[in-house]
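One structure is given here, and the rest of the page talks about it.
Residue numbering begins at 1 within each chain, and the chains themselves are lettered A, B, C, D, E and F in the order written.
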Amino acid sequence: MKKEVKISQEILTQLKAFPCTNILDVLRAHGYLKVYMEGVRSLIPGTQLVGRAVTLRFLPQRPDLQEETVGKENTPEYRAIELCGPGDVLVIDAMGLPYASVGGDIKFLRLKLRKAEGIVTDGALRDTKSLKTYGLGLFAQNSTAKAGPMDILPYEENVAIQCGGVLVLPGDVILGDDDGVVVIPQHLVHQVVQEATEKEELEQFIKERIIAEKVSPGKYYPPRESTQKLFEEWKKRK
Amino acid sequence: MKKEVKISQEILTQLKAFPCTNILDVLRAHGYLKVYMEGVRSLIPGTQLVGRAVTLRFLPQRPDLQEETVGKENTPEYRAIELCGPGDVLVIDAMGLPYASVGGDIKFLRLKLRKAEGIVTDGALRDTKSLKTYGLGLFAQNSTAKAGPMDILPYEENVAIQCGGVLVLPGDVILGDDDGVVVIPQHLVHQVVQEATEKEELEQFIKERIIAEKVSPGKYYPPRESTQKLFEEWKKRK
Amino acid sequence: MKKEVKISQEILTQLKAFPCTNILDVLRAHGYLKVYMEGVRSLIPGTQLVGRAVTLRFLPQRPDLQEETVGKENTPEYRAIELCGPGDVLVIDAMGLPYASVGGDIKFLRLKLRKAEGIVTDGALRDTKSLKTYGLGLFAQNSTAKAGPMDILPYEENVAIQCGGVLVLPGDVILGDDDGVVVIPQHLVHQVVQEATEKEELEQFIKERIIAEKVSPGKYYPPRESTQKLFEEWKKRK
Amino acid sequence: MKKEVKISQEILTQLKAFPCTNILDVLRAHGYLKVYMEGVRSLIPGTQLVGRAVTLRFLPQRPDLQEETVGKENTPEYRAIELCGPGDVLVIDAMGLPYASVGGDIKFLRLKLRKAEGIVTDGALRDTKSLKTYGLGLFAQNSTAKAGPMDILPYEENVAIQCGGVLVLPGDVILGDDDGVVVIPQHLVHQVVQEATEKEELEQFIKERIIAEKVSPGKYYPPRESTQKLFEEWKKRK
Amino acid sequence: MKKEVKISQEILTQLKAFPCTNILDVLRAHGYLKVYMEGVRSLIPGTQLVGRAVTLRFLPQRPDLQEETVGKENTPEYRAIELCGPGDVLVIDAMGLPYASVGGDIKFLRLKLRKAEGIVTDGALRDTKSLKTYGLGLFAQNSTAKAGPMDILPYEENVAIQCGGVLVLPGDVILGDDDGVVVIPQHLVHQVVQEATEKEELEQFIKERIIAEKVSPGKYYPPRESTQKLFEEWKKRK
Amino acid sequence: MKKEVKISQEILTQLKAFPCTNILDVLRAHGYLKVYMEGVRSLIPGTQLVGRAVTLRFLPQRPDLQEETVGKENTPEYRAIELCGPGDVLVIDAMGLPYASVGGDIKFLRLKLRKAEGIVTDGALRDTKSLKTYGLGLFAQNSTAKAGPMDILPYEENVAIQCGGVLVLPGDVILGDDDGVVVIPQHLVHQVVQEATEKEELEQFIKERIIAEKVSPGKYYPPRESTQKLFEEWKKRK
């Protein structure tokens, strides 16, 4: 694990140009195979979410711990929300429980007021009708009317968590669209943006060739040495 | 189980002011922990369903019982439909089988003509394109093109059933929205409406405070004695 | 298995008049009970898909076989795509794996250019935002950002496959709508169209009777000898 | 549904000669396709269970109904147990919930003392270490340490239920072994015993031929007209 | 969360007298409803496991973190093992992944040599044939031949974890038998032992009454005031 | 895919020395990550299965294809069985359907008579009580009393199949034990045996060191350069 400085708004803005698929392909080439969250979906189809992860870890409910973590002013979930601002995404480990609500329209009103980017959880969100009006990106496994405290408690904030089967560290970058959610390890973000830009252009080239030549994608795709060579020439011509 | 008179249209209208989340919180405070249907969703997002339950219980298909329950004029499912009118919801126990259709556009045409409110099932609905034009609330686990009779048979109407893991008695009140479906036991409906009204107002107050003071929700939420006190003062001032 | 000639565009056009439910009922009467794909859904609600199946069989990834089937010009998946044109649907056996992508916007660009009707798979599609703009019918178990080659490889084209728990032979006819996907064995297509036409009319008659007489559907439905007799008279009158 | 007299001990004894597979094949030939319980297993491998069903129906927990059905002397579950004696099996509908306990060593001690044959449920049994010493056949989906009353309540006894996806009527005959549990509708029991006897003999004949002739089973199996003819001759010779 | 001293061997020995069911009932009476691990089973039926929890938390695999946590001398999993001795159980959070191995016969050889009591995980164990000879209690969701490092990495030891849907703190007491695994919060252990002793005696009394009086368990069970009174008299007589 | 000669009995005998875990680790080092069958278990715990795969592919039931594949003398399943002899394992693709039986005591009697090694399927086996007496290795996802032909049909033999999520080619080598089933691609078998022998010895060395030195496994395991060096010295000394 390498120490990293906070990812800038500029980089986040650049990331908005890419679909999750592109970023995932780039990360796979670096040996990162477990960076796509299974089962986590946008509750507002068509939206995109980009931001730095602020993390929150839930654990199963237990009366003696609930006193410390629920119903007080300064609890892990409220501390996590206060850590979020513009460019930040609250990423919540709900242990993959589809029925476990991590919060609703009162708690996340504050997230909206703090101008955070959105919420990602492998549990459920509640009050989704209200939440959808907040302008936040909402990515979850489920929506529910149930409240969380019977099932889970917010245990600690800004630590390493799992979410949707992916390890997330505070400061990692989250990218979400209709295909799901990808986690970009912080120290790779700059490199990923660079390689994704190149990849996007290459794929654009390939699509143009397929259309122009009326050939099977197999002639160029997946990209091979020959594809790459033609791509370099095409870039020069442009 | 307490005997109850039929819930009035007036109460049903009042209930339309509340989201499922609010009602569920009120019921939990009364010790009712299993009143939210898992896995049952609105097939027409954005709609709300409120009504008294008329129940229908399906059992697995068996040739000797099918003769009595399918393909005749006066079967449990048709009797159940005839029990429905304005203010009523047909709630169907399909044993949680995602592939089991409880009916389609011919059967439920009658429900539309009888001006019932809608259908709730933990099985599947078919002909959903047509059904969606009927003006009925449609809440199910799934949609399917398959017909039901190979798998299930309508065994009896207006008895105690389970649906989505919740016990439903005829006359209980059903509330459905994008967060799912809640069952309000009949004898609690009046009290629930009263407490939900209070709760809605309290949450409105809390949201206003969070916005006005620019503070963490933790200062007021979940409501504590201090929250309650300020709320009472706020109500007086209003 | 009976040899059949290619289903004509005219028949395909006629099939567009029917919902999957109707066709499925007709097939069941012929003893075809496993012709509805479980878990395969339209990614573009409201669309209908009709076409002849061109099939593609994926198997689990294995390095020694991957060389032959991925990353070359003439692989099973590209051969399958080149077999598709107007009136054809690419049906892909992904072994029911919800996380396994069978392709995205580059591969299926060619399918669009070849004016095929659409794609059906019991796996996942990626780049769905782009794909949805192609005018193809898209039916899958899931959408994903992951690429397929880590998990599966395209093994052979135009052979018998399973998809969504249904056997599909090349040349069978696919019908998809919001209720799911039905497979019509090739040798039955003409008969199915004829019987479905009759069935559609009969159901129209029944609906009219239910509306006109203000009676329970049970009087006529499911259709019995008496229903059939009245229907014949009604047809004569028309 | 046809009225039937109670199945005799003699018939039950005859049934012990057959494996579930044989009985299931016979029932399928009568059009009974949903008589095998999915997911219900013997907790004591190697044991066989035969008996008449006494049924018990559980529903989801709800406080107002729990008063009537739990914690009193004369509740549905205790009434069901008192209906059981030699030759009887208690069949319990737990709605297929793997975590829901229907009882443990105190409740079912009475079943042992009443000399019943065993228990079948699609829920869970608890105190299984003690239960296994009772000499009862134990077939369930799961074992658990949890108690049931938080989740489910015994609602009524000796009514039609589902168990493991099969409809069970009081008086139906239950057959359980290491391959699972089969339900024989009461009015078919005599015929099933007769046909199963014939089938068992036929399969014995086929096995002998396969061994003697050193041929593929395909020569005789599945039994065809030619197989049947040779079988009749073999029976005569015997 | 209350600070507690280490549970003594004497208390652990006393706990061996109780089945999980009894302990779970006692904990429920204290409001502890989520202390039974779902899906975690003994790999050696008939064995019992009692001990203090030493915890280990796994997270999803990620290359940059793997360097720190795998393949070195002093990693979280080895530190956790060195914390175990007589009276200790290694409890491993594998995020409920049935395919994820937390270790096999080399790693856990050390646990055997350190005379620990056993292993509990909601993931999988490998090399189970060898492991079963070690004299350790083995409770897991699954056994597998796969190695863990492709999927998960040991992130930290002796922190709060979830395992099988239960919160476990270091020092909590684990009880496992054929009905599954129960977690006793450390500060409740003494009280639980006391109440379980009483409960065991009460149940013994009830069983004796049921046998002696030939009555339905409902007369005494679940225990009511009248049961309790008779029990007190019975204790005095003894 | 490389052409290979049939694996000799001698190699199969050598393979019996290894647990699945060891072989799986060796294969992973060669980049083979999908060679372990998920969910396929020994029905006779404690047994080991080693043999060359003869494959059989099932597809979903369909009346027009059933005529060709079921109920005749020379069908794919009977042809597959006749291909099996000593050293062979019948590996059956049942599309991972837990309820789908691929055969019982009559069909597999022939396999026993042909002295084959056993059966592997990701579906179910029936008549398991009889089957267990045949001396065959039995690895399946499930046992059932249901017959297969309502659900699936044997489509073709000795082709590439999937089983338990693994690609299997005819002639590949199957290894099964209590940890599950591993598939060794044919062209790698000799190398795998060699490397597994080395690995087994290395692990033996590590275990000896852990015992002798009373140290954490972390000192030697996972094996590093230093471990390897000491191992080489140890081998020389032996």
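As a working rule, contacts are C-beta pairs under 8 Å (C-beta built on N, C-alpha and C of every residue); 3 or more make two chains touch, one makes a residue touch a chain.
Everything numeric in this text was worked out from a predicted model, so none of it was measured.
J.: State which chains count as neighbours of chain B and simultaneously of chain F.
T.: Chains that touch both chain B and chain F, as defined above, are C, D.
J.: Greatest Cα-centroid separation from chain E: which chain?
T.: Using the mean of the C-alpha atoms as each chain's centre, the farthest one from chain E is C.
J.: Taking mean CA positions as centres, which chain lies farthest from chain A?
T.: Between chain A and the rest, the longest centre separation is with D.
J.: Have a look at where chain B meets chain C and say same if over half of the interface residue numbers show up on both copies, different if under half do.
T.: On the two sides of the chain C and chain B interface, the residue numbers are mostly different, under half being shared.
J.: Taking each chain's centre as the mean of its CA atoms, how far is chain D from chain F in angstrom?
T.: 34
J.: Which whole number of Å gives the spacing of the CA centres of chain B and chain E?
T.: 39
J.: How many Å are there between the centre of chain B and the centre of chain D, using C-alpha atoms for each centre?
T.: Comparing mean C-alpha positions, chain D is 35 Å from chain B.
J.: Which chain E residues touch at least two other chains?
T.: Residues 33 of chain E each touch two or more of the other chains.
J.: Testing understanding: with touching defined as stated, what is the shape of the graph linking the protein chains, line, ring, star, complete or other?
T.: Graph shape, chains as nodes and touching pairs as edges: none of the named types, so other.
J.: Applying that definition of touch, give me each pair of chains that meets it.
T.: A-B, A-C, A-E, B-C, B-D, C-F, D-E, D-F, E-F
J.: What residues of chain F sit close enough to touch chain D in their complex?
T.: Contacts found on chain F: 70-75, 78, 81-82, 99, 104-107, 109-110, 113, 126-130, 143-147, 150.
J.: Give every residue of chain C touching chain F within the complex, in rising order.
T.: 1-2, 30-35, 59-65, 67-68, 95-97, 151, 153, 155, 160-162, 165-167, 185, 187
J.: What residues on chain E touch chain D, complex-wise?
T.: 19-21, 23-25, 28, 33, 36, 38, 46, 177-180, 182, 203, 206-207, 210-211, 214, 216-219, 221-222, 224
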